[in-house]
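Think of it as A, B, C and D in the order they're written, each chain with its own count starting at 1.
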């Protein structure tokens, strides 16, 4: 509990409670309220260090850039289904936050690729372009996808990614980590002969967050945080809809209707009557 | 940890770990495996007491009586949506078990009604039928629904409920608590002039579980346990389907497409340019 | 999907997807990014309407006023336990958001009381003070607690609540709903002869959010949102701690160690050997 | 919905609803209730095929072999923490089932190793022992752990694993997949010169379930199912304990209490006063 008990089973530096106030990352909670915007506090909480205005602004922009995706977001559908049966905000949020991962929403895999690429470059002693060319060669030989590249519509530039990058440069948070990723992107366009291939918005978010020091898992958390107000809105809309027990309407479902005889099958499987 | 430390922060009688074995409700785990069927162990775990064969059989029958409800079960849809993005069995199960409550799956509310009705009868000193008549009169004056009564199709008797009741009588677990509920059912049919109104299967499950001593919240847990193998099956089927990001197809969704002008609205709301 | 299909199974006004952009509550996502702070967007998402600067500022202050509570917050402990076994950010968040409710974190019950009190006053046709006096009389007769009153330490004024109220007045979001709650507070202090009883911070948050039109369930969501960055920080700290399988240390646990004989008890319970 | 709509967005073969009954894997639900034990139905649900008595018995034994682990199980602690704040059975279960994974409870990783080893052996065309020797050589070169080997206490034989294996042989579900795993185990004991190294219980469960055709993710689900009655019991015990807001007692926690000056740090970080 105090510095006299360093061998305690639990240790936490996120906040601590004193008689006069709660200290959040060492700052009195009361001094923070109304002084720093919530997005700046988000940085303080996760990174453990007071952000610069540029870092705070960058987080604000990133938090505002995912938000919601109508009923084309699996977590929203899951959350709404849950509260249609169990009308509790917490239950809906619990289901909704689980729906980020390998196939959507999470910049985690992209972030992991970028963090590892940067480390490998530092260890390589090579120029960025030489390293990028070799990396791309290896990835193509392994037929591996580079996460964060490509978009269904955008060619040449993804305007959302470009806006994020502009913010990062303006806020002073663009650095070497982004440069490595862009070097790989340049090398990839050449090697794959795809001069119009873009870095997409998830790629750019992962890239900027990696540059700011966030771990890939923290990136997942931040992406989910961005969608949290929308999740609250959807859950609230669902609970107000009057619909109970959201299901899959039969028009969109196919049930291959096999029919079996239990008695006959049990006899065949060796069950005694 | 031992009986010398009764003031410990946590206390649990569910199981304890000794060097030679884990003791589950006081019985060595190794002695249980293969000796008692899982449904009997379920009773032992939850009620804390070795069941009779009749109690174990009753639990087995109840666990087998919900199981699955195709894609007409909100929790199944939620679980499948989650794993279509985040293909982890645990994530799917986490979402699925949240979807039981006020509007479906859970016998909790019915169980609460039955437990309280039985207590009130005991306290009343009245005959069961007199108590039931007064209870029904009061409920009707309050325009309150009696949970567990009525079915869309079945009239006179719900065959599923009847089969469960027969098991309860045969297993020696039918008792006074069920009798009170049935007395209320009889009085209600007369007062409402609905001679064909049935006690449905959820009503009967709640009634039998109440008679066996389960709390309403434990009834919710048992109902979810019944659906757990089906949930595993659906999650596994979904992860094998190759579909990513389950959404609501546009054909079944309506989006009222309001369009607003941000700049104009900000000016009106008092934001400085 | 369009206004031609108003009878679609699902309806949502939170956002919709057009070829050129995603529209969030009717505003193009790209126009929002970097224009409105995340806390303002939070209001837009949940309330469906562009906030005034005062409403946005109020939300920012409320989001900054809970944040974290060290290891004295059950949801934090739950989240850390989960990721000590299953090191996934989503799994930790899923557990953490479930731990808000009746006994902590959530202003939901307080919010419900305030919303209902305000409605009852409107319906009563009485002066606020007369209504408040009667309400307090009734609550005291029912021995009901008034949620949001009282604090372990603060007497006369809770400085956190006072600061929140000052913000609400300054931001133009303080209104009749807060007045009704304060009238009840005044009447309660007199009737209970507790002149120093405070409205605490949860009471004030619920009161302000009610005045801004949030539903009690939305208040729960907002409280959880305030703690979300801290939750990410704790999960990240836990995954970096190297501890696997967080448990309850034996020093803080008591296991009443009953021991039973399975064979003997089975025979007694009627199981055949 | 019918075989005329094979292109429906959703497809499911787990169950389907007909006017007369629900068909579970093609069998009428009403015919299953009371006919097959719940553990047999578990197999039917997950594997989609009526089990033999030996397969059903094996599942029953496996479901009975994990059950609970006092307060030394992270998921139990998480579930109890959640309901100490939000006393809902579903919320507790939601948190509890998330705590299975890489570091505990789940046979998933072991199962994946076994399934892949078996496939690799089939593809190799080698004898089992030759394949095993090469596999062990490779694993040792990569300094990879073999999941499922070793125990803190047991030497030579893990009696729990042995009992499970005996059941598998007796039930006719022991096969080639288990043989491959045991061949690797033999080869490993020789190569590592650890003649007493055991296959532990998780290794054996994974090995038997792999032999019965379960996927690694399904194994995780089955392990969680085994603990489900215990989870219900713990949640119920917690809600009955009267303790609110389970936290980490200060005696077992260490908070490195850094203190910072917000104004000074903001100035340094470039925030304007």
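The rule is simple: contacts are C-beta pairs under 8 Å (C-beta built on N, C-alpha and C of every residue); 3 or more make two chains touch, one makes a residue touch a chain.
Note that the structure is a prediction, hence the values are computed from the model and not measured.
*Asks:* Looking only at C-beta pairs in contact, point me to the busier pair out of A-C and C-D.
*Replies:* Looking at A-C and C-D side by side, A-C shows more C-beta contacts.
*Asks:* What's the farthest chain from chain A if centres are computed as the mean of the Cα atoms?
*Replies:* When every chain centre is compared against chain A, the largest gap points to B.
*Asks:* Just the number, please: Cα centre separation of chain C and chain D in whole Å.
*Replies:* For chain C versus chain D, the centre distance works out to 34 Å.
*Asks:* Approximately how many whole Å separate the CA-defined centres of chain A and chain C?
*Replies:* So the centre of chain A lies 24 Å away from the centre of chain C.
*Asks:* Mind pulling the chain B residues that touch 2 or more other chains?
*Replies:* 9-13, 16, 32, 36, 70-72, 86-88, 90-91, 94-95, 98-101, 106, 248-249, 251-253, 255
*Asks:* Taking the complex as given, what residues does chain D use to touch chain B?
*Replies:* Against chain B, the touching part of chain D is residues 9-17, 22, 24, 29-30, 32-34, 36-39, 41-42, 45-46, 48, 60-61, 63-65, 67-72, 87-91, 93-95, 97-101, 106, 108, 159-160, 163, 167, 215, 217-218, 220-222, 224-225, 228-237, 239, 241, 249.
*Asks:* Within the complex, which stretch of chain D touches chain C?
*Replies:* For chain D paired with chain C, touching residues are 70-75, 77-79, 81-82, 84-88, 91, 94-95, 98-106, 244-249, 251-253, 255.
*Asks:* Contact residues on chain C for chain B in the complex?
*Replies:* 1-3, 5-13, 16, 18, 23, 25-28, 31-32, 35-36, 50-54, 86, 88, 90-91, 94, 248, 250-260, 262-263, 265-266, 269-272
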